[in-house]
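So, here's a batch of structures to check.
Here come two complexes built around subunit A, the first alongside subunit B, the second alongside subunit C.
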Partner chain A sequence: MLITSRGRVKTLLATGALAATTALILSGCGARAGDTVETTAPAAASCIDTTGDTIKLGFLNSLTGGMAISEKTVSNVLHMAADEINADGGILGKQIEYVQEDGATDWPTFAEKTEKLLTQDCVAAIFGGWTSSSRKAVKPVVEENNGLFFYPVQYEGLEASPNIYYTGATTNQQILPAMDFLASEGVKTLFLAGSDYVFPRTANAIIKLYAAELGIEIVGEEYVPLDKDDWTTQVAKIAEAKPDFVFNTINGSSNVGFIKAYYDAGLTPETTPIISVSIAEEEAPAMGHEVTGNYASWNYFQSLDTPDNATFIDAWKAYPGSSGVTSDPMEAAYISMYLYKALVEKAGSFEVDDVNAAAAEGGVTFDAPEGTVTLDGENHHISKPGHIGKINAENQFDIVWSSDGVIEPDPYLEEYDWFPADVRDALVTSAG
Partner chain B sequence: MKNLKPWLPLIGIGVLALVLLAVAPSVLSMHWINNLGKYCCWAIAAVGIGLAWGRGGMLVMGQGVFFGLGAYSMAMHLTLESAGPDSLPIFMILYDPLAPLPAFWEPFRSDLFTLLAILLLPVIVASILGYALFKSRVKGAYFAILTQALAVALAVLISSTIRETGGDTGLSDFKYFFGFVLSDDGNKLMVYLIAAALLVVCLLVVWQLGRSRFGELLIATRDAEERVRFLGYDPANIKLVAFVVAAVMASIAGAMFVPIVGIITPQEIGASASILMIAGVALGGRASLFGPALGAMAIGWGQSSLGSSWPSGWIYILGLLFILVTLFLPMGLSSLVGKVTGLVWRPRATPTATTPAPEFTAPEFTEVKK
Partner chain C sequence: MDGLIPPLLNGTAQGALLLLAALGLSLTFGQMGVINMAHGEFLMAGAFIAYLTQQVISSSDLSIPVALPLAFLGAGLLGLLVEVSIIQWMYRRPLDTLLVTVGVSLILQQAALQIFPAQGVPVEKPGWLDGQLAVLGYDWPLRQVFTLVLAALCVAALAGWLKYSSFGRRIRATVQNRDLAETSGVPTRSIDRITFFVGSGLAGVAGVAASLIGGTNSQMGTQYIIPAFLVVVAGGIGQIKGTIIAAWVVGVAMAYFADWTTGSLAQVLAFVLVVVFLQFRPQGLFTVRTRGLT
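Moving on to the complex of A and B:
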């Protein structure tokens, strides 16, 4: 008897709790799919505090995890740019106060920290990210909160967002120039080797389309996950295929394993040179094997002879925590901070909508170490020169090919009729 | 006092429910509500681990597998919902624009199928796996390593099937949750409340199981599997039930993680994610009712707040805490509470038959050993 009465108490309690919960949950319901709701939160934009004499900016870089080796440098150079701007009087007379967050090489962490920076710290803009995966994690969050995100690394293109500014190269500024260079060298066969994630996959899809146009045959395509270093079997296929060139879209430390396997297999830059899009001045000496004679496609090299480059290199060498060499992603991060300053000063405001309106008017430029860059107000990318460098014995790059002046950014490859229009349309539509 | 004691856990669950469902929404900002929702998800998985490991003695090091089943079921549904009818998810267009939607994605367009998948997929997988393992009497470290390996395998499989699953980048950018606009604050609160309510339900389930005959058998199996067998029960079946229940809880946790966090990647279900789930349970106290859930929530909180102010130091703090707890409080921080209240409350020390005392290693069994 006792047991049954207990059971009844329990059932009553459970039912009560369930009813209360359901009521609570239903009271929380908001907009449904069919409702006409403004999806951007209007409150978020006004949370930027401009009353004091400082302005908060967020830096979001992986300080731990696999990408820390690259992203710490970006974080450092952002600090340097902010210090320079502060010493020069700040932005609109306000000193930059930065909040550094760790993305921890974990994409959900990037999303969480973006949300934190925008809604808790109320930063006016966020700078950082490296992998395309991290950018793709940040994108919905900055869009939803109507924030600003400055992304400093070359990427696979086919993206545009009103809330993101891309200061690295899109495909037609790095991948396509590399292909033009290969064509000019008379390359007939090409092997594609990449890390298994969004950038190499998409880049290679574009390379295959353009190669068909240029009459270059793709003789193989291999992928290895980002965190794996063993390239032995894949490189054996390269040795067998004997391509004129290897197009390398491997990212991070996996490159070390690739380079080791490449030389172990008896491949050399004389017979089967590599052209990379992610080995720069920082990475070249860290390959565990000398890589002299191989190539890389970038928009900036330390060896570039421009008026502003010498100043940039000297400033970086003198900066605490500096690695001593400069590279393309660093320079793009440096640009992003100054570009933001130029945009805010043009807008006369830190509000996101005002900054975007200033960008849309066009004509925002910055005399960058790579040369003068101009912001495209519509797609939020910048014009860049394309260069191909050949690695020399000092792990610096001798420039062997350059584009005719700057290349205008074309993330959706609209100027290239070999890119299928239906794919472009599908991507643009689903991007909203 | 004596009559109240068995109801203390229920009162505890009630207090927790009140805090999570009524107090938290009224005092916390949306940012922290969202974070708390994420901790609730980890706590749900932890409650299941508490049942399987703390009470059943199975060190389930691969709960990421079931977390992943739930998370990816939900993520596929939300991705398709965001893409709209008849259109492909954006990442599929990127890699291979002309290929159709993979066949296994198609049923996830349905709301009902998705919900059933979240509940039944882990049942099916855990049943087959558990049956094979427990019938062949795989246990201890072998069981732990095997489950861990499965979590690694699933993460690698997802990473390497980029066109089918989104690969390392994962699935993200969800706009709708079963018709509700996810960016709306009211809906975010609703999703949080669902997760918090599910945590309460899971705690009730484990509490009820602990009181039942099954709960006694489970603990008996943990402490003396052979004796349970001699008594005429099949330990494999008892363990299987606990393993399946834990798997379902992990799957529910994964499914709620997706709309709350807004992204799921193989990293969240792999080896280190699975170990982090275990770490929370061990810290909190694996055999207690609240230990696993509170431990998991504490780790989640540590990750977002300490990880922010001291990125490289946080993981060392966690490691140190883990070592200290394992050395000095093998049954977790919650056993500390038991020890303190035990000193204060029960000077006579007369444990009643109804007291669930998992940290006791059944002294009566040792007496039989002659």
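Moving on to the complex of A and C:
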């Protein structure tokens, strides 16, 4: 008798579907920022312990999962800055004692660890985060517990929190300088390529408005999910559109796929150069193809010739676990630690309200590797110079364009009359 | 240039990579009933082997061809290790293999993160893949052609092996009726191991191809595992010809959707297509008749 085992086939199908679902959940796409932060605990009174010789600070970086690719370096550089400050006598005479937590590339974890750091470890401030989702998960928790969070990565702007200090660029310090550079190069047509999440979507919305102002035509706009590397289909469209320049807001390893597809399609920087906002000194050599001749927009480059940069580079190269090169997000993390030190010393206190009051008075500066930066007491961002670097054969950046001095942070782009208020409101709402 | 041609060709190549990733799964999942969530990490192992080979043989013209058999061997041995240490205790319990291999996949990802630079490592493509092939007026990147040829070779080799070799006959016998095969003198345990070795090794080969297309890092396996499972299920479990057709359809559909909409929506639409298809034909494109009683 022949028995067709439909039962077995069905079981396997069901388990197969379950496997796919499990993988989806595990890949982390299911997590929404803010899911776990609806805590009912009353805003705890500050429990920061300032009686001893040490002061506790929290580091919150993804040391595991997909974002470990980027956040490990930030964590290392924070440790280096804390060690330097300790060797130099600490903050207000107290040695920094750091509590390192792993955000694990999972946004609810970022929220949980923030709460743990603030209410159990009683840290005076938290440093870290990378993705906008992680920042948005931390935001309600630090606000509720009246903590401090120092965020070191360039981002899409349209945010300001009394409990967050942003030491990376906002859009008018990275995206707009890149557009100014393109205009100065006489670029007429531009193709936008980005990963599909809040930063590239918001950045491109702003780019399109500014491009209209500058008379640059957008000839295409393509998005690919963050976790997908294959850009062949989209690059074929770029090859067909033949733009003067490609504006690249892709993040992470998807950049590698984009660069490979770009060269494989026969595109070159001579005819169709790329300007990127997330390829820096660390990423450039990891592309699997030399990227010489393409551009990036940052506020810091290892090649910057400033008095403090040489010291910073040497210190980093000598630091255990160092990757040997310095980059913008690393430098911004380094700034965040020293900016905190400057704020506390100005306030003469570790209490959050005192620190914020010191910030609001204005005039807090730090001689950073990128040059002297000044904290804006109102929006908690810092002034930064804008630079455009052209990648050379050593995967370093030759600076080909710089802004006229430092650019004051304007996260809501209020000083730009081409940016309509209704668009701003819509973008703020959609960014959550 | 006709706008319909590039998505067709690139979709075919995309489908070929998907097929390479799914071939091994169709063996281990389809033939053995093991849901191996660590399959993506075996693929990752293949990509890292391509990188390591490039460190020894600096000419990428040579290192990639050398890396292909090495990746097969390396990923295969890794698979064998997992089979011997864990999976062999779990046959006939597919749900348990799912949970355990999810753990294995996390361990392997973290291991890769510890061993290699967190940013990922560069794998350079061979010089002979520079340039494009003019097909129907489209300059088709040679890399895409390479993926397609590699997939074709792997399918031919696997199909031939299953059909004509004594190992292949024994595998098919074990799949159709394990108990009867065993009483007929087929060493089903070693057959399981060889099947798992070959299935994992194929993931390693897919990893070399993937390293030429995207980034080589600890997370790369995660982007292939779900589509690969979907393709195997849609093709019909245990049916390589089904997997081939499903991979090609999904690849081409994704490319056309990406051409008409965006990359994100394309992925969603392609998956919806598969899910709707499975609603009407839950057994997949082809079914295998087995004589098992379970």
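The rule is short, and it goes like this: the second predicted complex is superposed on the first by the 378 of 432 C-alpha atoms of A that agree within 3 Å, B and C clash if a C-alpha of one lies under 4 Å from a C-alpha of the other, contacts with A are read in each partner's own complex, and residues count from 1 in each chain.
Here, a residue touches a chain if its C-beta (ideal position, glycine included) is under 8 Å from a C-beta of that chain, and two chains touch if they have at least 3 such contacts.
Note that this is a predicted model, so its numbers are computed, not measured.
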item: Contacts of A:Glu115 with subunit B and subunit C, given as first, second, both or neither; value: first
item: Touched partner set for A:Ile69, first subunit B, second subunit C, both or neither; value: second
item: First (subunit B), second (subunit C), both or neither touched by A:Asp196; value: both
item: Subunit B versus subunit C as contact partner of A:Ile399, first or second or both or neither; value: neither
item: Partner chain in contact with A:Ala360 - subunit B first, subunit C second, else both or neither; value: neither
item: Which superposed partner A:Leu214 touches (first subunit B, second subunit C, both, neither); value: neither
item: Partner chain in contact with A:Leu92 - subunit B first, subunit C second, else both or neither; value: neither
item: Which superposed partner A:Pro225 touches (first subunit B, second subunit C, both, neither); value: both
item: Overlapping contact positions on subunit A, where the subunit C interface meets the subunit B interface; value: 10, 13, 17, 20, 24, 26, 64, 196, 223, 225
item: Residues on subunit A engaged by subunit B in the complex (per definition of touch); value: 10, 13-14, 17, 20-21, 24-26, 28-35, 37, 39-41, 63-64, 101-102, 104, 106-108, 111-113, 115-116, 119-120, 132-133, 136-137, 139-141, 144, 156, 158, 196-198, 201-202, 205, 223, 225-226, 420, 422-423, 426-427, 429-431
item: Subunit C-touching residues of subunit A, taken from the complex the two chains share; value: 2-13, 15-20, 22-24, 26-27, 64-66, 68-70, 72-73, 196, 222-225, 227-230, 232-234, 236-237, 239-240, 252-257, 260-261, 264-266, 282-283, 285-289, 323
item: Residue ranges of subunit B touching subunit A (in the complex, touch as defined); value: 10, 14, 17, 21-22, 25, 29-31, 34-35, 38, 83, 87-91, 93-97, 156, 159-160, 162-163, 167-170, 172-176, 179-181, 183-190, 192-194, 197, 200, 204, 208, 261-265, 267-268, 304, 307-308, 311-312, 315
item: Residue ranges of subunit C touching subunit A (in the complex, touch as defined); value: 1, 6-7, 10-11, 13-14, 17, 29, 33, 35, 37, 94-95, 98, 102, 106, 110, 113, 117-125, 129, 131-132, 138-139, 141-144, 210-220, 222-223, 225-226, 229-230, 232-233, 237, 255, 258-259, 262-264, 267, 278, 282-284, 287, 289-294
